[in-house]
Every structure is written in structure tokens, then in C-alpha cells.
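Before anything else, here is the set of structures, which you'll find just below.
Two complexes come next, and they have one chain in common, chain A, joined by chain B in the first and chain C in the second.
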Partner chain A sequence: MSDDGNPWVLPLGFPLGVSYPRHKDGRIYESVNLDGDLREIVPASRRAVWRLAHGAWSIDAGNWGRSDVLAAALEDGVDDPEEALDLLISDGFIAQIERSDAAIEKFASEHSVHALLVGYGVGAELAGNRQMLGSIEHGLRFMVDRDVFDFWTWAQLEPDLHSAANVLVNRPAEITGREYRTATDFSRAAISIIQTLIARGALYLLRTSAAVDQSPTVAPEVRI
Partner chain B sequence: MTEPSMSPDYYREPAILPLGRDLGLIADASGSTRGHLQLGPNDLVLEADHYATWRAAHHATDLKSGRRHNKGDTIEAASQAGVVDAERILRELIEQALIVQASGDNAISLALQLRAVPSATGIGPVSGGDGLSAIGFGMDPIVVIPDSVLEVMVWSGVELNLMFACSRAIDRTAVESTERYLLDPVFRVEEFLYHAQDLIAVSALWLDIVSPRDQVGGDQSA
Partner chain C sequence: MTGPAAVKDLTAHTEPGILFPLGQPVGLTYAFDLPASKEISGRRAADELRYVVRGGRTPSTLDEAQYRVWRLAHELDPLIGQPWTGASISGQLFAHGVPHGQETVDRLVEAELMAVVEDSDASIVSFASSVRVCPLFVGLGNSPEEPGIFHIGTGSITVASVTPLVYLLFSLAPQHRDLFETVVEMHLMAQESGLVDAITDNPIELLRSLLPALLQLLESDAIYLDLRSSGDT
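What follows is the complex of A and B.
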């Protein structure tokens, strides 16, 4: 079945959890570092859909799109998830990407990737085709394919996904286990990789400065 | 906000802080392993003893005394992990700037040279813990830090260096808080570095160098 009518959806921003900083009015909300500011998601339906857009429910399936998130939200009893999703998209908390090359290119040029967790690498007990990510001290670990590990390691060094694709498309296939013809092919594949990593809490996405109208921060004067 | 406590030890004995992101072990055909790190735009491979000593530098504060993990503690931990001549190896790692020693004397210098990169996300405020927030993976909390430290951590992932991240936190504090000490950049840097060891110990944070490439980078905070 074609997914053409089911655009990808990806959450944006660095999550700060629920109710930080505290609201004097007692409201519960998600706080997200997004577009250079701390922003809040207050309505329960939007909080639920934003969480579901991280796709942790879909680790095995992967490659989820708008209709999958809406179906998961309906299953969870979320009120009017379609309206909640549309508002999250218009407010910039979620990116919706049509499955065309032009849409993928636009998304890639406007977003940067930021890795979370640490690597376990390849232990002696593992076959060479997969590598582990996790948190050493907390027994959290999961295996990913070599191309996912390679992306997790290196994509964050580039200012945006477009630049990352242009660099990583040339990575040797004997390291990544994959070959791509063009950077656009890579970016298309990268969306599935990004979903895999976001679902595991191993990555977050931000809009680039090119996509955000924001003045630069000025360092404080320091007297020592 | 509650005024955080920083042990006087911070100013007497430098705390050990490892630099770089752990990428894990690399096994070769013979089955022997080496450590794989990322620092700036480079990946580095450390021999087993050097990697074990670098890992031994990932250690939280002694909860009873509030004392930072220092050079002697790292040597002891590395020796317990089977490293022979841990003192020499630690010295080499410090010379290679894969481990730094932080104190009140060099905090600002470090803040200008280093980026603090979160590897875990916020969970939310600690119930009943005024001014404290939990950091973790997914919904699982792994460490609790003062809100004032979290404020810096929020920006540290997207700012050029730790100094800029403190600046961002202070900008926001100036709007929301009347606590004057929170507006002091030197205090904010020292406080963050004081708690960085606890964050690094649980893989919630890693320290990177500010490379020339970062200075022309295009993240959202540029």
C-alpha cells in the first residue's frame, strides 16, 4: 500500500518534561525548548498527540505517518486528535512532511538533528552488523543497524540534515551497511532513521537558524 | 528556587571531568576491545586501559560528604577496574585534554572552551523537592538537579559554549527570579560545573570542545 497520502510527522524540540517551570495556576503542561524559547503545550489532547508523535508505541513498525499517529490517539481516547495534531503543526511543535523529494529537501534544509544517549559500540558478544545505544549506568540499551548508529554519531555535527545527507551519503558502505545514490535518497532514508531514534529517546530535532527568525545571544560580560 | 549548596571542597580540590561522548567498545577480529569516543568533529580510539581510566572519570559526587570525584578517586576507580599504572594513564589523558580538572580557578576558562551537550531530557519537577527537577531517559528519571542547573542545561545543547548557555539562562532568570546570585554569570558557571559531574556520571550530559566548525554552525541559536 502506498504511503503517499500519509505524510510523516516528527516532533520538534528538546523535551523538558511535564510542568517545568512550575505554573502558579497549577496547570499541567509539557515544556519544550523550541525555536530558541521555552514553549508550552497545555491542552491535554495536544500533549497526548505530541507524545504519540514521538512514536514509542511504534518501534517495531517504524516509518509512521499522520494517519498512524491519529489512529494511536483515537485508540488512547484522545479528544479530537486531528485538530490537536493540526494545531501542533501550525504552532511548530510537529513537522509534517509530504513524501515527495521537494518536501524532503525542504525539511532537510530547515532542521538539525541532536543526539541523546551514549554508545555501547559493538561488544564481543555481538554480531558485527549491529551496534548498541543506551545508558551504561542504567542498563538501558538497544541495538540499531550500523547505518542508524552512523547517523546518530555523525549527523549532529552538521548544521542541518541537508548538509548531513551530503556528507553521510559518501560514507563507505562497509561501515554503514547501506548505499545511497543521492543525498536526497539519503534524506528520505534518514527520516525513517530519525523516527527509529526519536522513538528510543536517542535523538531530537530542532529548526535551524535559517528557519527561525531569531536574534543572536550576547555573551555576558565577565569580571574576574 | 532554593539557594543551592556547593561544597567548599569545590574551591580546594579540582573535580575530574571527562571530555567526549562515549561511542562504546570496538572489538577487533582477535576479540580484544578498544574504546571509541567522539570529541569535536573527530572520533578517537583509546586503548583498553586508557578507555577504562576515562570511564573511571565518570563518577558522581560522594553523597555523604558532597565531595567531588577527584584525581585520586579516578586513579583508585581505574585501578579497581584492572588498570595497571592508572596514575600515568590519567596524567596522559589530562595532557591529551580528554580529562580536565575543574575548580573555581578555571571555571570561566572552561566555560569558554567547552560545550555541555545533554544526552538525556527533562522529566519534570520533583514532587515535594522545591526547586529540583528530574532528568532522565523517556519517562525514567535518573538524576535530580537544581532548576538553576537545568536552566543552563536547556540551552547548553544549542549554544556555542557553556558561557553562552549561562547567558541564556541568566536572561530568563532575570525575568522570572529575584534571586540576585542567579544573575551572576560566574556563579552560574561554577554551579553548573559543580553539578556536571553528577550529570556526566549517569550519561545525562557530555562535555565537548568548542571547535572552529562549531563557530560557523547553523543551529537554531546562532
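What follows is the complex of A and C.
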């Protein structure tokens, strides 16, 4: 079945968890560092959809889209998840990416990736193509494919995903286990890798300053 | 788990040159998997597994002894509950049968996998301007029972519990090029929100007061310190 009508959705910003009030009205809110501002998500339905957009419910799938998040939200009994998702997208907490080359390129040039957790590499006992990420001291470890590990290690050094794709597309196939024809092909595959890592708590996405600067604002005042 | 109440007054430590470990562990890796790397453990076979720590854009390969010293630098000296200095860590290593501890520390410093921070404004600011705080976990927020304590971890795992001020540092760090820039913005916000009550109104003093918390976050693996990218201006 084609996924063309099911755009990817990805959470943006550095998650800061649920905070309990200092607010006098007693509301609970989800905090996110978004573009350097500490922003809040207050309504319960939006907080639920924000969490679902991290995909932990689909940890082995790594290729979810808008309709998958909405289905998961309905299953969880979230009120009007479609409206909640659209508001999160318009407020910049979630990116929605159509599955076209142009949309992928735009997303790649406007977002950077940031790796969480620690790498354990191959290890003598870990033959084959899987490598380990996690934090053993805290009882957390899981295996990922070599291309995912390679992306986790190196993509964060580039200012945006587009630059990362242009560097990593040239990594030898014997190291990553994958081969890509173009940087756009790489970026397309990277979205699934990003989803896999976000679902495991091993990555977050930030908008680049260029993307933030390009956000719609009021027209500049012209002085004569 | 170490709670905020357990954070000691490490700034009272009088020995010069506190060690801060730098870099993110990549794990055991074959040499041929790496782009150009710093080989600080001497020449070895290409198919030999080695420990890799990435600082800035460069991965460094370490032998097991070097890696152990680097990991040890994430902890406090267990004898006195204070951060390591070059002298104290080599003394500890010597007591455990490692004769060349100081040499290992020197090589790690040279490879920019460790920083030595003296107790002076110049040294502290220079350090904070050359590194950035990188979270290894996300923020988990607080709880209605203890609204003054914030947690860091993932899912149901909590790796560190910190004061609102330290949580602010952790929260703001991802968007900044270096630690000093984070602290300057943090200082402005802390003044506005009243969090700065207990400390001086000078950003450098705020930075100095946060160094123990930085060590606490490093010890619990909540963060690592990366080199500020040379491309950042």
C-alpha cells in the first residue's frame, strides 16, 4: 500500500517533560525547548498527541505517518486528535512532511539532529551488523542496524540534515550496510532512521536558525 | 540516585585544576569504521577493536587503560567526595597498580578529552567558552509532591534529580553554542524569575556556582561536554 497520502510527522524541540504548576490556575503543561524558547503545551489532547508523535507505541515500525498517530490517539481516547495535531503543527511543535523529494529536501535543510544516549559499538560478542546504544548504568540498552548507528554517531556534527546527507551518503556501504544513489535518497531513508531513534529516546530534532528566521512573521516596516 | 540536597560545596575545593571529562562515547569500534581519527593509544591493527570517544568532529581511539581513566574522571574522588585533580587521580591510579596515571591524564588533556579548570575567573570562563553542554537524556519535569525537584531521564528511568536552577541550565543548553552563552542567558532568566536569589548577580559567579552541578550531571550520565565546534563564531 502506498504511503503517499500519509505524510510523516516528527516532533520538534528538546522535550522537558510535564511540569506541575507554579501557575495559579493549577494547569499542567508539557515543556519543550523550541527554537531556544521554553514553550508550553497545555491542553490535554495536544499533550497526548505530542507524546504519541514520538512513536514509542510503534517502536519497531519506524515509519509512521499522520494517520498512524491519529489512529493511536483515537485508540487512546484522545478528544479530537486531528485538531490537536494540526494545532501542534501550526505552533511548530510537530513537523509534517509530505513524501515528495521537494518536501524531504526542505525538511532536511531546515532541521538538525541531536543524539542522546551513549554508544557501545559492536563489542566482541556482538557479531553481525547490529550495534548497541543506551546507558548500561541505567539499565537501558538496545540494538540498532549499522546504518542507524552510523547516523546516530555522525549526523549530529552537521548543521542540518541536508548537510549530513551530503556527507553520509558517501560513507562506504561495507560500514553502513546500505547504499544510496543521492543525498535526497539518503534523507528519505534518514526520516525512518530518525523515527526509530526518537521512539527509543536516542535523538531529538531542532529547527535550524535559517528555518526559524524563515517563519512567517509580520511584514517588515518600511521607513521612508 | 543523587538528589539535589546531596550536591556538595565543591567550589570550596582548594586544590587547583579540577578535571572535567569531555566527549561522547561511541563504544567499541573497528578502526576501519571510523573517519580520520586521533590515535592516542599508539599504532594498532586495523581490525582490532578499540574504545572510541568523539569530541567535536574528531573521534579519538583509546586503549582500555586510557578509557578507564576517562570514565573515572566522570566520578568524584570516593575518598574525599571531591572532584579529581590531575594529582589526585594519578595517586588513585598508582594505588591501584597503574604507574603512569599522570601521563595518561596528560595525553587525554592533549587529545581534548579532558579539561583542567583552575580556580580563577579566567580559567572558568575560558573553559565555559570552549565547551557546550549536550544532554544524553531528556527532561522529565517535576511532580506535584515535589514541585521544586526536576528529573532527567527517559520513559520510566530517572538518571538525575536537580534543582530548578540546574534544570534551567539543562533546558537551555541544546540551543547554545557554548556553556558560557547558556549561563549568560540563564542569568537573565533567573534574575527575572527570582531563581537567582541565592546567588550573586554576576554571570561568572553563577557559572562558578554551577560547576558542582555540572559534575553531578556528568557523573549521572545526564549530559556530556562537547568541544564547541571550530566553525561556530
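The rule is short, and it goes like this: the second predicted complex is superposed on the first by the 209 of 224 C-alpha atoms of A that agree within 3 Å, B and C clash if a C-alpha of one lies under 4 Å from a C-alpha of the other, contacts with A are read in each partner's own complex, and residues count from 1 in each chain.
Here, a contact is a pair of C-beta atoms (placed from the backbone, for glycine too) under 8 Å apart; a residue touches a chain by one contact, two chains touch by 3 or more.
Computed from a predicted structure; not experimentally measured.
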### Query
Mind checking chain B and chain C on superposed chain A, clash or fit?
clash
### Task
Considering only touches as defined above, state whether A:Leu117 meets chain B (first), chain C (second), both or neither.
both
### Query
Looking at the overlay, does A:Gly139 come into contact with chain B only (first), chain C only (second), both, or neither?
second
### Query
So, does A:Arg207 touch the first partner chain B, the second partner chain C, both, or neither?
first
### Summary
chain A contact check, chain B vs chain C, more residues touched by chain B
### Task
Classify the contacts of A:Asp160 with the two partner chains as first (chain B alone), second (chain C alone), both, or neither.
first
### Query
Is A:Asp35 in contact with chain B, with chain C, with both, or with neither (first, second, both, neither)?
both
### Message
Contacts for A:Gln131 in the overlay, against chain B (first) and chain C (second): which applies, first, second, both or neither?
### Response
both
### Task
In the overlay, answer first, second, both or neither for which of chain B and chain C A:Asn170 touches.
neither
### Message
Need the overlap of the two footprints on chain A, from chain B and from chain C, as residue ranges.
### Response
14-22, 31, 33, 35-36, 38, 56, 114-124, 131-132, 135, 137-138, 140, 153, 157, 159, 201, 204, 206
### Query
In the complex formed with chain A, which residues of chain B make contact?
21-27, 31, 33, 36, 38, 41, 43, 108, 118-125, 133-134, 137-138, 140, 142, 147, 150, 154-155, 157-159, 163-164, 166-168, 170-172, 176, 185-186, 201-203, 206, 213, 217-222
### Task
Flag every residue of chain C that touches chain A in the complex, lowest number first.
24-30, 32-33, 35, 49, 52, 54, 57, 134-144, 147, 150-151, 153-155, 157, 159, 167, 171-172, 174-176, 221, 229, 231
### Query
What does chain A use to touch chain B in their complex?
14-22, 31, 33, 35-36, 38, 56, 112, 114-124, 126, 131-132, 135-138, 140, 153, 157, 159-160, 201, 204, 206-212, 214, 216-220, 222, 224
## Note on the structure
In their shared complex, chain C is touched by residues of chain A numbered 14-22, 30-31, 33, 35-36, 38, 56, 114-124, 131-132, 135, 137-140, 150, 153-154, 157, 159, 175, 201, 204, 206
